[in-house]
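Each of the next two complexes has subunit A plus one other chain: subunit B in the first, subunit C in the second.
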Partner chain A sequence: MLQFILRRIAISALIMFLGSILLYVLMINSGDPLADLRESRAENREQLMQARIDNMGLDEPWWQRYLGWLTGVSRCFVLQCDLGTTRDGASVNALLLASAGASLRLVTVATFLAIFIGVTLGVLSAIRQYSGFDYAITFGAFLFFSLPVFWAAVLLKDFGAIRFNNWMADPAVSTTATAVVALVFALAVASLLGGSLRRQLVTGLVTFAVVFGVVFAFDQVTWWVQPALGLPLILIGALGALGFMLVMTVGLANRRILYAGLVTIGLGLVSYFVTGPLLEDPANWWVIFALAGATVLVGLAVGWVMGGYERRTAMVVSVGTALGMAFLVFMDRLLRGWAGFLDMAPGGRPIGTIGENRIIPERFTGDFWEGIFNWGVQLVLPTIVLTLISIAAYSRYTRGSMLETINQDYIRTARSKGLSDRVVFTKHALRNALIPITTIVAFDFASLLGGAVITETIFGWRGLGAMFRQGLEFVDPNPVMAYYLVAGGAAVLMNMLADIAYASLDPRIRR
Partner chain B sequence: MTDNHRPDEPDPTPVASPVEEAYSVEKPIDLSQKSYSQGQLVRRRFFRHKGAMVSLFVLVFITGMAFTSIGYGIIPSWWDKTFYDAGATVDGGRPTLQLWPFQIGEHPFGQDTIGKDYFALTMRGTQRSLIVAFTVGLLSTVLGTIVGAAAGFYRGWVEAILMRVTDLFIIIPLLVLAAVLGKMAGGGIWSLALVLSLVSWTGLARLVRGEVLSLREREFVTAAEAIGTGSGRVIFKHILPNTIGTIIVSATLTIATTILLESALSFLNFGVRPPDTSLGLLISTYQNAFLTRPWLFWWPGLMILGIALSVNFLGDGLRDAFDPRQNRTAD
Partner chain C sequence: MAVVAAGALALAGCTSDSGSDDNDTAAEGGGSEDMSEESGDSEEGSEDSEDMGGEEGDTARADLGDVTPNDDSVSFSSGAEEYNAYNGDTAATNSTYNAVVNNQLQSGFWYWGTDGTIYPNEWFGSYEQTSDDPLTVEYTISDDAVWSDGTPITSNDFLLSWASTNPESMGGAEELGFDPVSTWSTYATEGLETEVGSKEFTVVYPEPYPDWEIAVSAALPAHVAAEQGGLEPDELAQAILDGDAETVSQVSEFWNTGWLFPNYQVEDEALVPSSGPYTLEGAAWESGNQLALVPNENFFGPAPATGNLVFKFAAPETHVQALQNGDINVIEPQATVDTRQQLEGMGDMVAVEDNQQMTWEHLDFNFAESSAFSDENGGLAAREAFAMCVPRQNIIDNLIAPIAEDAQVLNARERFPFMEDYQELVDAAYDGRYDEVDIEGASAKLEEAGLDNPEIRIGYSAPNQRRTEQVAQIKSSCDEAGFNIVDAGNPDFFEAGGTLESGDWEVALFAWAGSGQIASGEPIYSTGGSQNFGGFSNEEVDAAWDTLASSVDPEVHMEQLKVIEKALWDNLYGIPLFTHPGIVGYDSTLENVRPTSVQTGVSWNADQWVRAS
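Here is the complex of A and B:
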């Protein structure tokens, strides 16, 4: 396994090196770096030109310029990176530090969300092949496949930011809108659970009533302005998480593990009150991470004590439940910060259309939770754009792969020996169906980084995309190469993660 | 979608076979049944794919409109306005197209900020985008097929280079490479199409290589080689016809990707540049007019979406037609 990974790293390093030569040569030949000065009417035109020529080394041959860049970059191995300067002499290192964080955060969040949602949708639509749900997902996938990123981004900016802000000023959901939302949910759930027409009708009606009631109730208590989950919703959600974990592992009938999960929820309830003051305004993210770590430990302990001979499964289930509940508690706190953030947002318009922060961090005075909204709310729209488009690819591939797996002989064997659908799908089919998906992750990540160039342009982020775009426009190789290093490095890393996932899903590779 | 086959069609996997049929040793062969060649079967399946048929209609309609309305080369135009002449702005440039009661009016897609007819502009953009997409589809398919076949058949250094180049394309985002090349191309559509072909052939090459790798081990290839057939003839006459499904499907998908890539590049100003226009460029120019003149933004976007969506559905229909296994699975 180690040898396998080392070989992959060596090959990737070689390719990155070759790619850098290719891109550098293409870059410096892509235009005239002095174009703007040639048209300038400044008095000291000649002087400016000479300064830029010296600065960028335009009088040197291409290989000398490239070697100069490469020497700077190779110092990264002794932790003294020098990525050169832009055409105006600003350090690319500083530029990169300022811009990389936001972009990588955006792309990483979008990747993980897309994998999770896309794979789930793909599996569900494969299990319910040829149902209304399947057709809807298929059509949706094609639609998002064919959607130009920039067009979708501009649309979302209008509907998600400008109109959402207008709506937020006086949030009220009309009865028609409530009914439409409830109808969509009802159709999806009924088609997903399947069964006879009568059963589908009943599920649909129940879902419709529940969703309609919930939205109506939220509207009555002006939830949109001061959202929160509250203890009852947290408990319901935690029970749901437990149910999900049980269905994915041993089924609801297993009493021992069910009780372990219930005890975990009980302990979670206790800690909700104990850690409440701590979560009121935590100093930084480490508090959150520490609490998450404690949650995992508690889950492990409960599973260990209660599990008996099914210790391992019990531990998995209780950790999953505990984390699910912890996430809900976190979300509850976070949502409570919304009201405060709304008061703070300029003009009462929470979502800005330009920049990474609603209020610049230096002037921001809110607490921890409101701070998350300050940068998080800006992250939402670009993330949605990127996620939607990759979800399409993931759900299509997962569906195809899952269908192929379901038709294998070993699935028929599993069914014929009397295993339930649940065991067949989760234990036998899913794991094998996921193997081909890992390969797509690497490709998709690279294309997402490309997509981020466009998304950042539209949402006005000073991220990697802006750096690349400006570098290319000015025929300035150093910023473009810095972008290449980050994008390429991230792609290599993603590739490696995919390989490791591949190896852990398919033991044959490890040998 | 295509699972409603007629009983007279040969069916590899019977849906539900009665018990007696399952136990009978000999299945009666009905000689009166008409038999179909591979090509006929594919065509029948394709023409029964409703989604693909609708898409084909949409695509032909859009292409026809784009090329005949304002004319192209020797094709005469029937639309009386051009995409470069500005006129007096009527009613704030609002579109005159109405569905009910139906009327086309003077400026069906409205007018832009200086009074150019937006229908003509959009059609011009569609024309440019279609030309780029189809050229890239053709060129990159030819290139990908040849390289892929050579890599799979001869192995050795061709294959090594192909695999490394594909790896390279995982590392450099496609859009980035295309943007640099597009900037070098200088804004003309033909040079843009050429450079885009250079970056979009690797996927197909890998697919073709995979198929050739397995086909070259088959008996019919050995037989052909045994009677002294040259390797060029073996590749083009014996192996490639068996990969035609993969190639055609991949070509359609390349066209769809190229439409999106070209418009994205033009949007970033690294693709088609003024005074010419393309759908991406139109959106880029008018994105800030969204709140005041939304139609300037909607039409080109819907055109891109329409073309890409129909090409994608067409590709799906073709894939089902060439390889019906996936569609007939499970129930």
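Here is the complex of A and C:
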């Protein structure tokens, strides 16, 4: 395995190196870096041109300029990167740090969300092939896949920011709207769970009633301006997490594991009250990370103690349940910060159409939770745009891959020896179906970085895209090469991770 | 039922109450908007502000009386380019996006009114022309005028302004090494007559210089530059007075680069004191996104109305939605029919105003030998034929009136319809002979010129939808008169080596941006002028420009302009079409937002913007 990884790293490094030469040469020949000065009427035009020639080394041959850049970059190995300067003398290091932060924040969340939702939808629509749900997902996937980014972004700003803010000024959900929402949920759940027509009808009706009741109740208690989950919802959610973990592993066959999960939830309930004061206004993210770490440890311990002969599975289930519950506790706290943030938001309008922060960070006075909203709300809309577009691809690929797997001989064998649907799908089909998806994930992450250029512009983010575009316009190689290092590095790295994931998913490749 | 009941139980604890006092305040999500409006009201000291702001024909700043900055925040965006230099006077930093911010940080002796009139800033100081020959101007800086760090604003600052234009008497750019856009010292060759640290100085121009008034405005803090160059403030001033180039050159590097913000942060606030209503000291700057200026506590002029003036760095295509959402409160979008409709569709929340810019569109003839309009070929008759068939009124009605209701045909080149003396100039120079399209007259003239269906290439910088449509309208009218109009728009029309230079055009369609300078038209209309692309030549015009440029008397200027405009109409240099329309959209709760025709843009009086009650 180690040899495999080393070989991959060596090949990747070589590709990056050759790519950098190619890009550098293309870049410096893509235009005239002095174009704007040539048309200038400034009296000291010659002096300005000379200054830029010296600054960018325009009088040197290409290989010398490239070597200059490479020397600076190679110092990264001793942690003293020098990516050079822009044509105006600004440090590219600083520029890259500022813009890469923004871009990665944008792309990372979108990628994870897209993977999770896309794969889930794909698996579900494969299992319920040719159902209403499957058709709806297929329709949605094609719709979103073919959406032009800029158009979707502008629409989303209209609905997600402008109209949402107008609505937040006096949030009330009409009975009709409540009914429509409930109906959509009812149809989705009914066709997803499947079964006979009668069964689907019952599922649909029950779902309709529940969703209608929930939205109505939320509306009555003005949940929209002062949301929270509250302990009862957290408990229900935790039980849901336990259920999910059980379904994905052993089902109800091993009671010990079920009890381990229930004990974990019990401990979580205790810690909900113990950590309450600490979570009132945590000093920083490390507090949250430390608590998450503690949660994992508790989960592991419970699983280890109670697991019996299936100790490993018990540990996985307990940790999953514990993390699920911890996430809900976190969300509960976060939601409670919403009311405070609403009061602070300029003009009482929580979501902005542009910018990385709602309120200038230097001027922000709220607590930790309100602080998350300050940047979080601005992340929502661009993330939705990026996610929608990649979900479409993920769900299609997963569906295809899953269908292919389900029709394999060994799945028929598994069914014929009497295994339940749950075991067939989770243990035998899903894992094999995921192998091709890993490749797509890797490519998608890299291409999202590139695709985010438009999204960044429309949402007013100053990310890698802006840096790249400006470098191209000015025929200024250093910012463009810095973009290449990040985007190319991400592509190579993700591909490598994909290869390694392949190897661990499919032992045959490990050679 | 059980499910519903369980659900109700689960939801029982699901709302929070942290962060707001009670349900009611939280329920009114828009409540804080009302509150800020109220706070704006309580700070609003002057009763007459509304009248002054809205008065027709008043082109100066409104007098708001005694104003105290409130806690509110107002935002504006001039585009995605980020502010990056406190010194916007260098060739590298002279740009709109620096100017909009620096206008709030550096005040001077005068400002542009909304029609291009020059108004003095009486609180900054005064100036007076004391002699015509040689042209002498005496400046007095107010005793109250100080930088925000407490240092008085003195002649030292203006000495540096002068020296930074690389005066030849000190060896020019090679000795001094400044990188300026201003060329003040090529006119004021002798420098300033003053003492070190004085509140008064005198400028003498050996040659008459019509644009002397706008040559001296705001200055940069010389004491900061001196200290950064390793000098005492007075030492630098003395060195400039003495013509000691070596000492002065010590500050040029700082002047060129020290007032830049390459990392988009103010790293040392001591270097950027303010002489304007707002300051960078204590400002909040979120790199890449926004910059919030705060009021200058030591400001000696009328205090700004709003406590936070925020500049957002957002691409123009995002502005309209951002205005609707309140992310940007004042925008100056590209003036198109679509934008106007979009803004008007937003209802009462948004106010829309249009105006005329100093940028004006025109058709210029090519006088080169190959052109049908040159004197060797069609000559004046052909030009007259073309002028008769150009449907100017139609173009306005179809393309401009939907954006700006008061659009009208432009009949002059050096004055615009929104200026006081426009009508006087037009009455003297133009008798209305091309107001109506006259196809028959045009055909007759064309015959007289001896041209048969000449090919007329109208060149412009494409893509430009509005110009394409103008050419189409001209074609539909002039083809009837016997011309063969060809749309010759292309992307490199204006570029070095492009169509304009190679002369492959008969008519050029483009716009000049009026600068408000008095003699700036000379290179356009005089023989061999650097911007006289068509090669027009007329002795009467040349002589009139000479007289104009060598006088500082406004009456002489007007007299000569009448001669010039008349000659340009009679000989048909070209045909003026219209002034570009401008649109400003703003949050309708804001007061004192006023569009201006001048290049400074709508933020010219941003310090007066305030939310009304």
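The working rule: the second predicted complex is superposed on the first by the 507 of 511 C-alpha atoms of A that agree within 3 Å, B and C clash if a C-alpha of one lies under 4 Å from a C-alpha of the other, contacts with A are read in each partner's own complex, and residues count from 1 in each chain.
Definition applied: a contact is a pair of C-beta atoms (placed from the backbone, for glycine too) under 8 Å apart; a residue touches a chain by one contact, two chains touch by 3 or more.
Here the structure is a predicted model, which means the values were calculated and not measured.
Chemist: Counting residues of subunit A in contact, which comes out ahead: subunit B or subunit C?
Modeler: So, of the two partners, C touches more residues of subunit A.
Chemist: Under the stated touch criterion, which partner chain does A:Thr457 make contact with: subunit B (first), subunit C (second), both, or neither?
Modeler: both
Chemist: Let me test your reading of the model: by the given contact rule, A:Ser30 touches which partner, first (subunit B), second (subunit C), both or neither?
Modeler: first
Chemist: Is A:Val221 touching the first partner subunit B, the second partner subunit C, both, or neither of them?
Modeler: Once the two structures are laid over each other on A, A:Val221 reaches subunit C alone.
Chemist: Is A:Asp158 in contact with subunit B, with subunit C, with both, or with neither (first, second, both, neither)?
Modeler: Both partners, subunit B and subunit C.
Chemist: Examine A:Ala487 and indicate which partner it touches, taking first as subunit B and second as subunit C; both and neither are also allowed.
Modeler: The answer is first: A:Ala487 touches subunit B but not subunit C.
Chemist: In the overlay, answer first, second, both or neither for which of subunit B and subunit C A:Leu147 touches.
Modeler: Once the two structures are laid over each other on A, A:Leu147 reaches subunit B alone.
Chemist: If we overlay the two complexes on their shared chain A, which of subunit B and subunit C does A:Arg336 touch? Say first, second, both or neither.
Modeler: In the superposition, A:Arg336 contacts subunit C only.
Chemist: Classify the contacts of A:Arg469 with the two partner chains as first (subunit B alone), second (subunit C alone), both, or neither.
Modeler: first
Chemist: Which of the two partners, first being subunit B and second being subunit C, lies in contact with A:Gly68: first, second, both, or neither?
Modeler: It touches nothing on subunit B or subunit C.
Chemist: Touching subunit B and also subunit C: which subunit A residues?
Modeler: After superposing on chain A, subunit A residues 154, 158, 162, 457-458 contact both subunit B and subunit C.
Chemist: Going by the contact rule set out above, which residues of subunit B touch subunit A in the complex?
Modeler: These residues of subunit B touch subunit A: 3, 164, 167-177, 179-181, 183-184, 256, 260, 263-264, 267-270, 280, 283-284, 287, 290-291, 297, 301, 304-305, 308-309, 311-313, 316, 326, 329-331.
Chemist: Going by the contact rule set out above, which residues of subunit A touch subunit C in the complex?
Modeler: For this pair, the touching residues of subunit A are 38-40, 42-44, 47-48, 88-91, 94, 98-99, 102, 154, 157-158, 161-162, 165, 168-171, 206, 209-210, 213-214, 217-218, 221-223, 225-233, 236, 335-343, 345-357, 360-363, 370, 457-462, 466.
Chemist: Would you mind writing out the residues of subunit C in touch with subunit A in their complex?
Modeler: For this pair, the touching residues of subunit C are 3-4, 7-20, 23, 25-33, 36, 73, 80, 82, 91-92, 166, 173, 179, 181, 183, 257, 260, 262-264, 284-290, 292, 310, 312-315, 317-318, 321-322, 324-328, 495-496.
Chemist: Going by the contact rule set out above, which residues of subunit A touch subunit B in the complex?
Modeler: 11-12, 15-16, 18-19, 22-23, 26-27, 29-31, 129-130, 142-143, 145-151, 154-155, 158, 162, 400, 403-404, 406-407, 442-443, 446-447, 449-451, 453-454, 457-458, 468-469, 472-473, 480, 483-484, 487-488, 491-492, 495
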